[in-house]
Structure formats: structure tokens, C-alpha cells
Amino acid sequence: MIKIGIVGGTGYTGVELLRILATHPQAQLTAITSRKEDGVPVAQMYPSLRGRVNLAFSSPEKANLKECDVVFFATPHGVAMAQAPELLEAGVKVIDLAADFRLQDLAQFEQWYGISHSCPELVPEAIYGLPELNREQIKHARLIANPGCYPTTIQLGYAPLLKANLIDASSLIADCKSGVSGAGRKAEIGILFSETNDSFKAYGVSGHRHSPETIAQLQRLTEQKVELVFTPHLVPMIRGMHSTLYAKLTQEISNEALQTLFENAYQDEPFIDVMPFGSHPETRSTRASNVLRLALHRPGNGKTLVILVVQDNLVKGASGQAIQCMNLMFGLDESIGLQHVPITP
Amino acid sequence: MIKIGIVGGTGYTGVELLRILATHPQAQLTAITSRKEDGVPVAQMYPSLRGRVNLAFSSPEKANLKECDVVFFATPHGVAMAQAPELLEAGVKVIDLAADFRLQDLAQFEQWYGISHSCPELVPEAIYGLPELNREQIKHARLIANPGCYPTTIQLGYAPLLKANLIDASSLIADCKSGVSGAGRKAEIGILFSETNDSFKAYGVSGHRHSPETIAQLQRLTEQKVELVFTPHLVPMIRGMHSTLYAKLTQEISNEALQTLFENAYQDEPFIDVMPFGSHPETRSTRASNVLRLALHRPGNGKTLVILVVQDNLVKGASGQAIQCMNLMFGLDESIGLQHVPITP
Amino acid sequence: MIKIGIVGGTGYTGVELLRILATHPQAQLTAITSRKEDGVPVAQMYPSLRGRVNLAFSSPEKANLKECDVVFFATPHGVAMAQAPELLEAGVKVIDLAADFRLQDLAQFEQWYGISHSCPELVPEAIYGLPELNREQIKHARLIANPGCYPTTIQLGYAPLLKANLIDASSLIADCKSGVSGAGRKAEIGILFSETNDSFKAYGVSGHRHSPETIAQLQRLTEQKVELVFTPHLVPMIRGMHSTLYAKLTQEISNEALQTLFENAYQDEPFIDVMPFGSHPETRSTRASNVLRLALHRPGNGKTLVILVVQDNLVKGASGQAIQCMNLMFGLDESIGLQHVPITP
Amino acid sequence: MIKIGIVGGTGYTGVELLRILATHPQAQLTAITSRKEDGVPVAQMYPSLRGRVNLAFSSPEKANLKECDVVFFATPHGVAMAQAPELLEAGVKVIDLAADFRLQDLAQFEQWYGISHSCPELVPEAIYGLPELNREQIKHARLIANPGCYPTTIQLGYAPLLKANLIDASSLIADCKSGVSGAGRKAEIGILFSETNDSFKAYGVSGHRHSPETIAQLQRLTEQKVELVFTPHLVPMIRGMHSTLYAKLTQEISNEALQTLFENAYQDEPFIDVMPFGSHPETRSTRASNVLRLALHRPGNGKTLVILVVQDNLVKGASGQAIQCMNLMFGLDESIGLQHVPITP
């Protein structure tokens, strides 16, 4: 059994870790920290866990995280980098669901997150936890930067095309839509029910933190210079993410060949579903599961390829992906504990 | 492995059976019928099942249901009673999720459902599949009438009080609220998104089919004459059911004693959660799981007791309960395959 | 033109006042105060008002509220009672949308609201602003206590029955459901989209502030002792309120006579719609309008009468009703500026 | 008073016409046809109109539409073209909310709508009813093709740029999102609440009927060859439309100049709101009103301009626009009867 610690379990990625780990056959939930909720049973805050998770939150001092095998940080930016060095030194593996270790370029990190990095020496060894692109490195990592939700969909949507050098990397457009849970569990007016329901809007159009992360990762896949216009939107739904990706084809290629390219690229992936050409994946077809589905379209058989990508932002876009990384890091079957069938309706 | 057949798998209780059975360790999905969708892979209609359920729908003629160990009817009223006799004769157990075998009083059945019963001889042996009240009979049944969603909550909420003869059985009021999936997957204007979202209404207030079923079952628990006012409402949510039950106490009794009564009544039940006195259970705390939660209130410490009951109408209110019965009928651990942690948020 | 001031215009009842008053032919929006938003144009906070309301928020000091003809308080409890005396002395009429003047019993006020009343001398002259029951007094009032949203529906639903002494006043049950906007525009976790959508729950079942207000008002209509069980619930919709009222009939009376009783009671009311017996009013049929609809049911033709009442909680349940009072106070046609047709779908 | 007839008043654009016309000071609702609902009062089908619209549906034979001054067709495609010739001959003006007269290219019409045009001789005189681009022609028209909802946003978003020849017309991308009411009031599984809520998807990505209409109209604004990738999506909300438009700038130009271009283009338009550069318009800021809001963004100050456009799909995207045309056709103030303040929250 893997002894597991969670720092910051009161947010949505935290409770999602708990939901999944509660039935993971190799996981032993050992400690969960929250200074503010010290002593409060987790199931009191989240009645959905009554009878399933018996832990109580404890303050960081009381929780002996160093006795864990792995610690997940489901925290705001800045927390993991403060605690990771000590844990790693004690032999504990660390998986950060926030952004502290996602950007290798520290100047960029500081520009977008507005804080200095407190352990820059660890950044180079951090592995970007996207198993479909970095599986071997993840297996041997002790420090994982779990990808952002948007970047997961954009990378997996563009990767086969960039690797095959079929598209113009300088004119990528990612028009992305996220459920409200992506904004976290924070007391903010902007994400109240009465502010977000029955409405739709874009946000961060002039610049969003997931842009530099995505561009840096996409750049690893091509020698062309990557330029990306990334437009996030807020959808009145709890979970779910839909990315509509536009790419200019630079070579003559048939739709069949494009479909085959994607099917081959992901044929052995347990969590990537390449749907038939021309399908319209719905976010609900991934709800509460770790699967990501995608489908290709070529409007008017023109030069623009449209890739539709859907996932559950809290699972494949966050906690499920983190546990997928954990499975790899501990030599387990990658799919163990992640076999939930999506909830429909 | 139990060989399983499903008649009418295109509706919501059908796809929910599939979702749950897809990961049930003792279930082998063998046949699923739909005349209209003959030959269509289940996963084409429900992309959420892609890679998880490989069956295709087949016409009733082609599907050899008699080779199954059990057949679930996730059909409109009237279908199960037409096919049950032949299946039972062939030694197949039958679980009907519709109402064909719920009412022992055939005149009542014909009054409320507007059709004659085609196999009245089977009605007496049909067992009402509410494990918490009829567990032993279910274990030995070959024909199960799976309870309606509303009746499940009302019975489990009132049962300890009626058995203990603490309330006036002639003034029961059940004010119940259901998510829209309870209306099924039918092409009807009234359950369109634009007709039901951001709105709330009652329906069937002057009379609803679940009334006679509920009253008949409640009557089994008390020697008083049961009278029930049952008011169903439609909530703009997909899944979830909340019953607010009112009962007049006829004896002096403390809140502690009432709480203890309920805790004792359900202490060994794997799927019933008696929350602390004064709690407000949310439907989402049961989402996509087989748990039913309830809590007691006594406004102003008066004579009226309020029992709040929540469940997922498609799981404990339908398909999960049916599988719970199946587990009992086949001598399995009652909880097997039903250990899903509710989805929050 | 009536010069109008609004204190606390940043919440939902505040912006709803602005929406309605923006097209009210006799209203001249003169001042709107918010200490925190001093100088911010109203339309910057509420883009829906761009081009329609040109005011900016100003701090209370700068806003010369004494020059207004009437001031609305769309504030939390406790604000109106602090400012009302000075305004009234200056000849300004005051309409409080909060609870400061709703309870004539000061001990009760202090018990439920946890604060002492700062101007108890004004309480006796405050008129409870429910025009259908208190029209004449409202016309001559200078201080209005605008009713709570729930109490409006409960009073208008029970009033004809209590006045005619047809029901048992000691066994009233009001099972009420409100959209989330009723909780206001506050940065609180509990009303986030991801906490409230696709879920349903009761709250305050053991005791809610609207109980004493409702009971005190109902008591004015009958010589029987009023006892009420009031159960509020939260519906995942923005606007709308549905009250399901239960009453025990104490006399033999036909359904036709009951229907006639209600039709006669409200025949001259511009905003009360008595629907045909057995109708199921939907909240959306009142969306964004000042109308309240109700319908009667008698399940199984028994002794229990069910009254279904719907309204928009922000209009007839708050700001629309306040403007209806204003119209009366200034000798205008009661309906002026309130003729919005409900938004469907 | 203008005598008004409506053909097909049972759908969402029909009831929206009724809602708006019920308070239009120059409109006299004269006839509304529905063969299926002959004799049924409109307010029985739409209780929101109780007390506000006293008409009943009548069969086309009984409704004397020729006595109207104008007839709106809120029907599926194919109805208006069958009835328009006779009405026009009788001197009745016709406004078609469907597509019968939107495409001047008949071959294109037949390809996309799958029916032959029954009155091709009228097509050349039909005026495309987008007042902001065709105001003068609308004033003198007797036959209006009311624009599609998506095309309205796309044209008004791109028009100033195309007219000024600032962008590459051959690489336009319109990523558009619509509320579910845009799919109409039809008994179809795909738009049930339980199929669409809490989910998001694209549809018609390989080809949608609004593409040829939009391209044909955009082509009128530029000498460049227009090529458009148009991707519609379905949002779990009732009303609202958000178009995210991408354009490649072909000239050096400052953001200030771009903003000025748009502000000048729409400065006299009563229903177009150019928001400050970098704003994020929400669909709810237009809910139930005829306003269309837009804002410009330039991510990373690069070559791609992003134009965000929002409207209520049933108002400016359909019925409101139709009434705006009617006002122009009858020499009225263009804004009359269309002054609704958007509903927030």
C-alpha cells in the first residue's frame, strides 16, 4: 500500500483526489492537511465522503507528511515549492497540482505568477506529468508538475500534428471552454451561481497563465516556432472542458490519413479515445472519469483542421492525471483505481 | 459470473444499469434488446460507454434472453408483464424496474396505469424489491418489482416511525422533488432544457401513480389506516431526489430518542446514512451512488417531525437498487459493484 | 417626477430596483450609495445597465439623500434603522427591503436578528408593505417594511382561507423553494455555482427568520392561534420561488366554492393571478415580472387543500413589490412601471 | 396601430414576438395561426402571457391574415415562401424569421435546405433584415428575410474591419456558442434537459446552414474573397449567444485606432454597444433585450484580433430584430417597444 498525504484537501482537486483514492486498491490515505480545518473530519466538510473517508484534517505540524510515500499538493500556487524540498529530502515523492514546477523558465514563472520561486534548484528535475507524452520520465521522477487542465487538452490535440510536421505552428488557435469548478472553491462573487448560471463569457482573453505553459510544452514537439492564441471561456456547468483547436495544414493530406495518424498515436493509451472522424464529443461523455476524447473535422475540406477535445477538468485535467502519474511512479498498472465509467446522464 | 440481459437499454435506467454493471465483478453483460436500435452498438448511442461496453442492441428475437441468469426490464410499463412468464418458466430471474408488479391490488393497477394486467397469476409471488424492508424475501425471489424512486424515499423515511407507532399515519405529507432524469429519455416538449431549466413546478398534485404504491407499502408497516398527501415537484437538475416528509408525533418523545430510533433501524444497512439530527442533506452528496441519506428536524420543538431524505433517483431510486436486489438474489455480498463514491462537486 | 435614492445598490435587490426604475415613467434616479464603490459607475458593475443608468455610486456622505422624495434600502439588516430617522425627519419617505421594520415585536426582532433595534420608536408606525392586504395603510405611510419573499407567498396563499375561517390555523405547513438569488450577492462558498448547481437541499428547517414575520402577519387574519411549519429549500435556478402550502379544511366545502373564494379575493388585483383549479404554476411564468400566480389542488378530494404559489423572488418578492408600494405612496397608478411581461423561455 | 399577424406562434421566436409586441405601443395583435392548436388561447400554452395576450390560435383558414398590415413567419423553413406571394399581393408586408429568403443564390438554398424554392421570383426583392447594415433598404421593403442568429453576430463583429480592409478575409474563424433555445421548441431527445445540462459540445462543425448565409453577406462588404470557418457549440443555458471571432490583421494599426473604428461605426446605433477595449461581455448582460455588445482583444499584441460579441439569440438574434425591422418599415422610431433593460441576474 502506498501511504498518501494530501496538502490542501479542502478544494475541488483535493476532494476529487479523495474520491478517487478512496477506492484505489493500492492507496492508503494517511494524512490530509488544512490549517484552518484542523480536527474537522473530512466527511463533515464533504458529506459525499461519509462512511468512505475517515480521516480528519490536521494542521501541517501535526500531519507527519514525511512518513508518506507520496504527497499531493492540491493547493494554490506557492505552497508546494515551500514544502517540496524538505519532503524530497526525506525520500517522499511529490506531485504538485498547481503551477510551481510547470515552467522551466523562471523569469516566465515570476512574470505570470507574481512571486519569486523559492526553490529554483528543484525546477530542472521536475517532470511535466503528462503521461501520454512523458511516460518514461514520469516513471522515474520524484517531483511531478501536474499539467494545467487547458494545456492537457491543447497538447494532446496538437501533438500528433506537430510531431508529424503537418501544420503551421505559428498560427494555432485554441478556443477553450471550462466548467466553473475549474475556478476552484473560493468565496468569490464572480463564480456565484447567480453570476454564472444561464450565461456565457470569455475571460483572460488578452493573456492567461496557461499560455506560457502550453507554448513551452508544444515547442518541445516541433522545430517550428510555436505561436498560440488561447481564448478561455466559462460555461455554466460544474465539470467539463471542451477545447476547439484550429490548425492550418501545410501539406496535402487526406482525412483518412489524418484520422490514422491520431489513431496510431494513441492506440495504446488507456485514457485517450480517438472518436470517428467528424464526431462531436460531449463533455458529459467524460464526466467523473479519467478519459479524454477527441475528434477531427475538416470544414469544407479546406486547409483548416478542427480538433475537438473533451475531458473532465477535475479528473484528466487535474486529480485523475495526478493519480495516473502516481501509478507510474510506483510501478503500478497505469489504470489502477481510475476505471470509473463516465456518468451519463 | 451472472449472465445478464437487459430489455430496453436505451433509457436512463438502462444506461445506468450498464454503467454500474460494466464494473461489477460478477456481472457478464450478455444481451441488451431494442427493436428500434437493432445492431447499433450501445457505445454509439452512449459514447460514455465507449471502450467499456462492447455489446450492440439486438431485436428481442435475436437476443436469447432465456440463456441469461437474470433479465432486467428497464422499459415502460406493460413490457415486463408480457415477457416475464416465459422467462421465469425458463428459469430466468426477472427484475422489473417499471410498475408491472408493484401493486398487488390489480384493480388499482388497472386504474392508475390504464391497462389490464396480462399475467395476474404472477403478481402474488412478485417481491417488492426494497432490501432494507424486504431483504429475506428478495433473497429467495425469482420476480422482483423494483420500487419507484419516490416510494423508496418515503418508505425509508417513515418506516421506523410507523413501526414504532410514534406518528399519526393518517396525516402524512410527502413533499418530494425530483431531478428531470426521473421523467425518462423521451422526446417530449415538457422536459426540454428550455422548458425546465431555471424554473420549478409541481406536477401530478391531484394524483400521481406513486401514491397507491407508497400507501400500500406503508400500510404493511402499521395497523393504523395510512393516508398520504404526496406532492411531486420537478427540479432543474439532472439527477437527485429530495423528499421532505412531515409527520405528526402522537407521543412525547425526545429528539435524542428519535435519532436513536433511526440510527438503530439502519445501523447495519450498507446504503442508508442517518446523518446527525438537524442536518440538511444535499442531493449531490449521493450523486451517482447507491446511498440514501436522511436527517431529522423538529421545528420549534413542536409536534411535527420533518424527515429530509435524499438519493440519486437513477441509482438507489432505480438501477442501483435493482442491482442490490440482484446481489441478494444470487447470494452475493449486497454491496458488490455498488461502491461508487458520490461525485462532488 | 419622483426623486429616488437607493442605499446599497450593489446587491440583487438593488440592481433589480435599478432595472425597473430605469423605465419607470415617473422615477428619477437621483442617488445611489455604496461606500466601497464610491465613484464607480453603476453600469460598470452591472453592464446590463450600460446606456440605461448613468449614475455612479457615491459614498453616503456625498449622496444628498435628504433631497430625495423616497429612499429605498436594499441593504443588509441594520442599515435602514440607522438612517431612517434622519430621512423621515427631513420629509423623505423610506422603504426598507430588509427586515428592520417587519416585526412589531422587538424582542422577537432581537432574538432572530441578533441586534438591538436602534429606533424602536419608529417601529409602530412602519407599515407592512403587502398591498393586497394593506393597501390603504400603504397609501398614507411614510415608512414601509417591505415583506420578505417567502412571507409574501405564504400570506397571499393562506389569506382568503384564514379570513373565511375555513382551515385549521394551527396545522399550517409551508414547503417553500427559492432560487439562489434569494441568498443575495455575497462572497460565500455555499452559494457558488459548483456548490449549488445540479443539487437540491433544504436549509434552516429547524428555524428561519421568515417564520416569526409570517406568523405575526397571518395572525392578523384570524382569531385562531396560528402555528406554522415552514421549510425553505434551495433550487438550482437564479430567480423564482415556489411555495407549496398545505391546509386542513375544517368545513365541508366544494372545490368550486374554494376556487370562487380565491377568484373573488383577488379579482381586482393587478398582480395576482388565480389560475384554474388543478393548475401547476411554473416559476418561469413570473420571471422578471411582478405577477404572483397561484392554483388550488385537493388531492384525493380529501381534507387537505394544497395551494401552489409562484413568484419571482426579486420582483414581487422584493424590488417590484417595493415599487408597487412606492406607486401607492405617491398616488400613482399602482401598476405603473411594473408592466413587464414574464420572460419565457 | 399596426395590425399584426403571426404564423407559427407556438415556438420560441413566436412567443418572443408576443412578449415584445404585447407592450409595443403601436402594435395591435390581430391574428396568430396554428393548425394544431386551433382555438387554444395563447395564454393557455404560455401562462406567462396570461392577462397580457388575449388571442387564441386559429387555423390559417380562419385567420384573415390579409387584413393585417404585416405578417411575421415564426415557422420552420418552407412555410413563408408558400404563403408570402398571396400576402404581398394583398398589400401585406412580410417578415420571415426563417431562411426562405435569406439566400439570393437559389442553388445554394436548395443544397442546404433540401427543398426547392416555391417563389424564386420574390427572392431578388427580399431585403436582408440587418438594420445596422441595410437600414435604408429595410425602410422601403415589403419582404424581409430576418437574419439568422449566428450570422447577426458574425457580420456585426467583422463588418467594420472588412469595410476598412484591415483583415485577411480568407482566414476568418468564428467560434460561436448558443443557448439551447436556439434549437427551437421541438420534441427531440437531443435537446432534453438531461441530455444538454451540465455538458458542452460542438455541432455541425463540418458544415452548418448559417455558413453560406454569413459568407454571402460578408462578401458584400469586401472585395477580397471571404473564407470562413464557422464552429457552432451548444451551451447549457436557455438564452444567449457568444461569438468569438478571430481575424488576421493585414496592416499595422494600434489598438486605439481599432477601438475608434468600431466606436465610430456604431456610434448612432441604438442597439449596438461597443464596450471598452479588453472587456469580456457576458451573454446575460443582453438577456431578454435587443442589445448586442462587443469588445476587442489583441492577445500578446500580435497579428490576431479577437472580437467578442454577445446577444440574446431570441431577441437581437431573432424576434427583436424582426420588430426592429418592422419599426423601420412603418416609419416608426426604430427603438419603439424594444427598450427592455436586460435581466440581471
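Note that the chains take the letters A, B, C and D in the order they are written out, and that residue 1 is the start of every chain.
By definition in this document, a residue touches a chain if its C-beta (ideal position, glycine included) is under 8 Å from a C-beta of that chain, and two chains touch if they have at least 3 such contacts.
Only a predicted model underlies this, so the values are computations on that prediction, with no experimental measurement involved.
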item: Of all other chains, the one whose Cα centre sits farthest from subunit A; value: C
item: Of B-C and A-B, pair with higher C-beta contact tally; value: B-C
item: Geometric centre distance via CA averages, subunit D-subunit B, whole Å; value: 45
item: Between subunit B and subunit C, centroid-to-centroid distance (C-alpha), Å; value: 39
item: Subunit A and subunit B, separation of their C-alpha mean positions in angstrom; value: 36
item: Subunit B: positions in contact with at least two other chains; value: 12, 179, 181, 185, 194-195, 197-198, 236-239, 281-282, 284, 287, 345
item: Residues on subunit D engaged by subunit C in the complex (per definition of touch); value: 12, 15, 19, 22-23, 46-52, 181, 185, 197-198, 238-239, 273, 275, 279, 281-282, 284-289, 291, 293, 339-345
item: Subunit A residues within the subunit D interface of the complex; value: 173, 175, 177, 179, 194-195, 197-203, 205-207, 227, 229-231, 233, 235-240, 242, 244, 246, 278, 280-284, 287, 297-300, 302, 304, 306, 308, 310, 345
item: Residues on subunit C engaged by subunit A in the complex (per definition of touch); value: 12, 179-181, 185-189, 191-198, 236-238
